[in-house]
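Input: a single structure, listed below in structure tokens.
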Amino acid sequence: MEMNIVLYIALGFIGLALILGILRFIKGPTAADRVVALDTMSVIVTATLALLAYIFQRYIYVDVSLVYAILGFIGVIVLARYLEKAL
Amino acid sequence: MVISPVHYIALPLLAAFLMPLLAKVNRELVRIIPGVVLTYLLFVSVVLMQRVTETGQPIIETLAGWQAPWGINLVFSQFTGFLVSLMVFMATLIWIFSYRFKKVDNEPALKYYILFMMLVTGSVGVVLTGDIFNMFVFMEITAIASYSLTSFYRDRDGAEAGFKYLLIGSLASTFMLLAILLLYTQVGTLNMAMIAERMHTVPVGMKVTILILFLTGLGIEAEMFPLNGWAPDAYSQAPSPVGATFAALVVKAGVYSLIRVIFTLFDIQGAYQYLIIMGIITLIIAEFAAMKQTNLKRMLAYSSIGQMGFVLIAFGIGTKEAVFGALFLMFNHAIIKSLLFMSGSFFVYNSTSKDIKGLSGIGKKFPYMGFLFSIGAFAIVGLPPFSGFWSKLYILIAAADESMLALVAIILLVSIVEIVYYFRVVAKLYFGKPTDKEVVHKPTFGGYFSMTVLAVVILLVGFYPDIITGFIHRAADTLLDKGAYISNVLSVGH
Amino acid sequence: MKRAFILLLLVVVGWVLADTFSQINFGESRMGDIKQQETVGAYYLNNTVEKLSVANVVTAIVVNYRGFDTLGEVTVLFLAASGLASILYRRKKRGEHDVMILKNSSQLLQTGAKLIFPAILVLGAYVFIHGHLTPGGGFQGGAIIASGFLLMFMAYKDYHVSHNVLTWVESVAGILFVSVGIWGLISGATFLENVLGTGTLNDLISGGVIPLIYIAVGFKVAAELTGVLETLLNFKTEK
Amino acid sequence: MQSKGLTISKFVYSWLLMFAVWYGFTTSTALPELITGVIVSLVVTLITAKAAQCCGLDILLPHRIFYMVKYIFVFIIALLKANFDIARRVLSPSLPINPGIVEFETKLNSDFAKMILANSITLTPGTITVDLVGNKYFIHWVDVKTEDSEEARQEIAGDFEKILLKIFN
Amino acid sequence: MDPILYNKIISVGVYGSAIGLILIGLYAVLVKKHLTKIVIGLSIIDAGVHLLFIAVGFIKGGTAPIFSEKGIELVNQGTAMVDPVPQALVLTAIVIGFGVTAVALSLVIRLYRHHHTARIDHIKSLKW
Amino acid sequence: MNNIVLIILILLAGGVLSFLLNQIKPLLSGVTAFVATVAAAVLFFTGTGTADNFDFVLGGMHLSMGINGYSWIFGALILGFSSLVLLYSISYMKGRDRLGYFYLNFMLSIMAMMGIIFSRDFISLFIFWEIMTWSSFLIVVYQGLSEGRVGIKYMIFSAVGGYSMLLAIVFMKAQMGTVLISDLVSHFSGFAIQQQTMVGILLLITFGVKAAVMPLHVWAPRAYSDSPMSYTSVFSGLLSKMGIFGMGIVLISVFANSSTFGTNTFYISNVLAWLGAITGVMATFYAVIQTDAKKLLAYSSIGQLGYIVMGLAVGTKLSVMAALFLAVVHTIFKGTLFLVVGAVERQTGTTDMTKLGALIRKMPWTFLAALISIIALAGIPPLAGFVGKWMFYESLIVSDHYFLVIMAFLSSTAAFLYCYRFLFGIFLGQEEKEFENVKEAPATMVIPMVLMAALLFVFGVFPGLLFDPIAKGMEVLGMGTVDWSMTVLSNGWGDHVDTMSIISAIGTIFILAFIYLALWNRKRTRYVTTKDIHTSGEIPTENENLTYAVDFYKPFERAIEPVMKRTMDFYYNHLGEGLESFFNFLRRFYTGNGQTYALYVIVFLVILILFSKQIFL
Amino acid sequence: MEILKYIGSFFVLLGSIFLFLGALGIYRMPDVYNRLQAGTKSSTLGAMSMLLGIGFLQPDWMVKMIVIIIFIAVSNPLSSHALARGAYRAGLSLFQKEKIDAYEKDYKDMEDKEL
């Protein structure tokens, strides 16, 4: 594992970001707010997965990041359609 | 290609995947193919049973070229072989019964036949497999097919029944999964023989926890009280061939798994007493509930649960004779309950209501059907000279041999309740004038045929049980010989 | 009252689960002495590369060691699709047809979906074709493809996938899977046995029949999940 | 994207694009991978032929590529600005906002271009595309400066629209 | 930080969240009246169980059991890899869980169509 | 082939064949059944000896069939009587539907009874016992008279009985490893005293149900009267005797031969004797107040069975002999009486004695059979009933059962009342207009009735014809030898009872009295119109009785009213209702709410968890 | 190649900061539209920057990183748009009601047309 101090700091920021996202998800107050939080977190997680792949030096984890990005996107679209009362 | 146990799984699957395509060629093929497959499997059963009977050794089939415990294997022993053959036999008859079944044909028949065949395959797979997780997979196949088939008819409360079944079934699979996971952490394998071999290394507390999870999960499938809330609904709402399949195959698979886990995997003596106690409670509550049913199919369902309670009691006694009796009862229950479901369903279809009340005099209108139903009723309550008598007798003798006279008395008392509600129906069949309601759903030739075969089997076994007892005895011996199971499975390829 | 009782029950369940899992140390290897291959897990890690030339051990387990499970899994999906169709089946009168219950989506989403959809399909194919090399596989690839179709369903109210095509795909894929199994039987080995040469590790063409099976599974899963989605979304019947 | 139906140009473009995507995923030049990629991208192009054609090969003409690159730069600058803007708002305790939804009409007629414009608007300072109906954009604006449609267009879409018109028309 | 304590915290976190998911799901199944919520509860239980599978197979410092690194030398005989078996099992379990959920949802749809309600305590025409 | 097997097979085949032939022509059905039974009877009387054994293994159990002197009595009774009844049935059942069903079950029950008496082990006994039960059940519900409730009640009691036996059987199997009756006899002494009591009581319950001993009798009256009359005669005449058959084995060969049983024999026998006595009295009282001829006979049957049980329970040589004698004779006269009622029912369409009357002129032969049987029933010489009764009283007196004598006397006296009512209500009394055109029953019905009446005469005059087989049977039971001659019986004091002289003395008196009574009543026969002065010119209301046949024994009824108020039926019904509401309560468990079921699962899991140590370790 | 490491680290750090800012925006903004504003822009830029940084740190992976970047650039604004539209149609009013709302009338019109 190649770790330099910058990556630690980055992980720290990401951790804080995720905590804030989760807080918003819990607080709501509406379903839309929660989905917004999910949407943002899914992007954060996508980037994080790629970063972890680098930290663990495993190229194959990048695929996970890619797939996560797509599934997160589609999930949010479905939820958005649900909010629209279109489902 | 040598005939081997994997045919039981591979061919139905192949057929199931083929059927949507063949449906485009000819709709009739959809109905015929399951029958062809099942008939072939019946042939496979005959061949394999002959082979295991001759050699006295189980057929252990490794899959994907990996011997136990690396890969999954199928174990066709005198015990599993007996159950599987019974299942296939029953499935074939049920298929004949439901061939050109009017009510099914009004619905998406293709889906019906696929689901039915998978229900059979799942149940058979549960019995054949030698791998605990694979058993879970087959159980889920069975379960999903069951949920769907339970809600197959649109004009009933099938969806409600199906949902309850699914709800409870999902909890079952959760507990089973947890149990399997814990087991894997303890013994590092999923092969049942090796699990059994390594079981003694597991700390007692952990062992009991795993057992409890298994008992809860599998108890649901085996319709053990109080986990069986789903069963009466599912039985009564499912199409009648499916109700028969539940009784003849699905519950059998559930009981099998419970027994396999308790008898082979674990070495906890308390589990046997537990089986007896739960069996008694199940038996009593179910029979009492059956007593007060107004809906015929629900009554049959509760009766089925009661019979499973009886089976559990017998397994709980645990002696060779008792296990023999239990297996005999499973055999009888499969045959008799199917006959009851089949003949009963025609009464229900052609009577004014689903209630037993509506059956007044219908036995006069359908004398042969009434005759068949009566045979079934007599047999299930254990009247001689019908097959049900013998299994009951053997179990009672086994109980008495273990000085459990109170148990015998309880069973007999509950049997009186059973007699009351079955004979009430039989009496109802011949009381009063049948209604003028036209015959909406005439039994097909296949229907008559399969019911007749079942009745003949009931009488034949009743008059001369020895034609079947040999198989059952060997099956019971095989089940009880845990050491042989372990060494047989693990010696393959070594 | 009832709720309190339920909470009490859950406390007991939670307590026993916690107690049980506290005996299973997190992060500790339970594979025993890995050289001794005391657990199946250890055996797989030690032998997969050598015997199967499959980089992804999970894939080797899923498709080969425990391929029978996977066959069952595929069957479960097939069954779920069939069950769903039978449960939601409605007799249609003449001239009636199912419609999506969705309302129109935004024009932008439609354009975006049109752009992204093919890429998702390629990704799905990539995932199941490389199942033996990367952390993917037939199920994952199939699910990705189905999610692509889900995107299209979300974007286009009247987007339909031909049931005929889905049926063909899932049937042929299923038959392919079983046939690979039977191929083993016919060639005198066991069901599902890897009867092809295994090639070199990390090549696209390696692992014998494993990629073949995973491709079949990928197609099958994709078709089935798409069918499921379509059935679930199409539950309004209109003239 | 005016012309309906599938032209060879569109098909080949799509195929190429899909192959590029494949390569992006595999990043391998091994022959089996490439052959598989060609097949996969062909199959995908065939499957999505009806639904997913956006452009033809003519999109790859040099001047268009030039504008594309230019667009990317403009966009990235806008994006950076947007982020600093957001940072300012988020970090400022007084939260200076004045939100509202405004509308304007675009001159773009390619769906694809409209989408790019919408996305760009979403990612640039203080605005989000709520909807696009026909040619009419509805924009959520954190700090509404004007309610007039034409002014809003200039303010919000200005540069982007010009470049996009050059690329797609 | 003390590695033993660290390990304990991690394990409480992982097992705790998995068991927590199971309990939350069970709560939904036992208390929530809406059919869809019950189905979601079942899915949450499943998720918890799946997480337990993964957690149990995890080995400290282990990576995914895939021998495919180009830049990295082959991990020696898998000693630094997590147990692949639970992963394979969980894959199966997920697919099965999906199948069950799909069937459950379709049943909910049918029940809603038929009873015009999705409250489980209102749908009990079959009893006793 | 072995004769025993052959008889069973003939009867079985006869049943199946008559079922099948019914599809072709209903008449063939009855004829086949009759022919098969006669064939079996011929085989039995000519070719079956005590040497005919049939040992076999079925379902892993060693079973054995055979015949001995004791069972021969019952075998002869079964085949002889049922042959005649089947002959009667041909005409009686003509024109009814589902004859195949009827005859199949008829033949099955005959077969089952033969199987019972052939059985030398309890398993075969149980098998045939249950076949007898369900086949007779199917006949009880055949006419569909009372919504199945009667049949269910019958089935419940039979099940209680059958399962008592089964419990005893599995106990014996576990204890002795065999189920042969002879082994029970020899092993019985080896059992602990509680075990002996248990086995004894269980078996007595089994046989007590069939013999309709109080308090196990409540099923019998309606079950008897709900089945077609030709079968009712079998029910009362033969099926009930299977209870007697079994009791004989239990009480005599098992208990009496058990050296350690000692005082228990005393208690059980005494209790049983008293139960028999109470049954006799109560049932006779009930018989008296019945207005329906079938029910009257049904209760009468129960009463008579009470005597027989009493005789067996007292257990002296003479009492057993009396009981067996009465058993045979009862079959004949009660069977005949049921056939008579059947004939009346067939010709008039009713069995209500308040509606019938003065059939003596329309159905003289039937009347003759009825008269003779009633005389036999009442125990009046010179008919067979008298001999039995005489022996019976004497045995009670000799063995110092004075209270039982009083009971028996009480019920015999009351029996006269219903005998009279029966004759009067149907054949004498006032002629009803609606029965003006009634004809005598067809010959195939009359012949069996008259034939049996004649038998009563023969056995009355030559009781020795019966003493011979009975004595042989008692030897088998271990009662030693009995001295007898064709007309003379030696009593307990060593005196000889010359039946002939007694018969001629008492018989003459009774016959004269009876004939006088009958003719006197006939004179009173008249038509009653609504303008009869009886009502003092007022138009009688609906519920005022204008015939004598109604409220025939009103004063008597008033006298016994307190005793009759709370019948056993009442308690059973309450028990049943209580149980049913309990069942109803239990099934509330299945609330219909899937969530509740899920909760059960979790509760179950938690219980297992909390008590895992107690349950599993 | 040391320089690439520095560039990469810089981008990764920058990305993580923007990701954090996005999340902070989500947390602090007063209504759903403003949260969306903040969340989308920052998370998009943050993710793109971080992926690019990883590409610099590990040049072999650059191609795939660009694939993901493109995907995020296309999909993230799209999903935000869909969410904004969904939130609006879910009936969530704007933060300050007196402010201008050009969408209201058209949206109502469309609803009517669809019915």
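We just call them A, B, C, D, E, F and G in the order they show up, numbering each chain from 1.
Please note the rule applied: a contact is a pair of C-beta atoms (placed from the backbone, for glycine too) under 8 Å apart; a residue touches a chain by one contact, two chains touch by 3 or more.
Everything numeric here is computed off the predicted structure, so don't read it as measured data.
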Partner chains shared by chain E and chain F (touch criterion as defined above): B, C
Required minimum of steps from chain A to chain D, each step between chains that touch: 2
Chain pair with more C-beta contacts, A-C versus B-C: B-C
Most widely separated chain from chain C, with each centre as the mean of CA atoms: F
Chain centre separation (chain D, chain F; CA means) in Å: 100
Whole-Å gap between the CA centroids of chain A and chain G: 11
Between chain G and chain F, distance of the C-alpha-averaged centres to the nearest whole Å: 94
Length of the line joining the C-alpha centres of chain C and chain G, rounded to whole Å: 31
Where chain A touches two or more other chains, by residue: 59-61, 63, 66, 70, 73, 77, 81, 84-85
Sites on chain E at which at least two other chains make contact: 22, 26, 29-30, 38, 52, 56, 64, 66, 68, 70-71, 85-86, 92, 96, 99-100, 103, 107, 110, 123-126, 128
Multi-chain contact sites of chain C, meaning residues that touch two or more partners: 6, 9-10, 13, 16-17, 24, 30-31, 39-42, 44, 65-66, 69, 72-73, 76, 79-80, 83-84, 87, 103, 105-106, 108-109, 112, 115-116, 119, 123, 134-135
Of chain G, residues touching chain D in the complex: 18, 21-22, 24-25, 28-31, 33-34, 36-38, 40-42, 44-45, 60-61, 63-64, 66-67, 73-74, 76-78, 80-81, 84-85, 88, 94-96, 99-104, 106-107, 110
Of all residues in chain C, those that touch chain D in their complex: 106-108, 110-112, 114-115, 117-119, 121-123, 125-126, 129-130, 152, 156, 159, 203-205
Chain D residues touching chain G - in the complex, by the definition given at the top: 21, 23-25, 27, 79-80, 82-83, 86-87, 89-91, 95, 97-103, 115, 118-120, 122-131, 133, 136, 138, 140, 142, 144, 147
Interfacial residue positions of chain B with respect to chain E in the complex: 133, 137, 140, 143-144, 147-148, 151, 157, 159-164, 166-167, 169-171, 173-174, 177-178, 180-181, 184-185, 190, 232-233, 236-237, 289, 292, 298
Parts of chain F lying in touch with chain C, wherever the complex brings them together: 599, 602-603, 605-606, 609-610
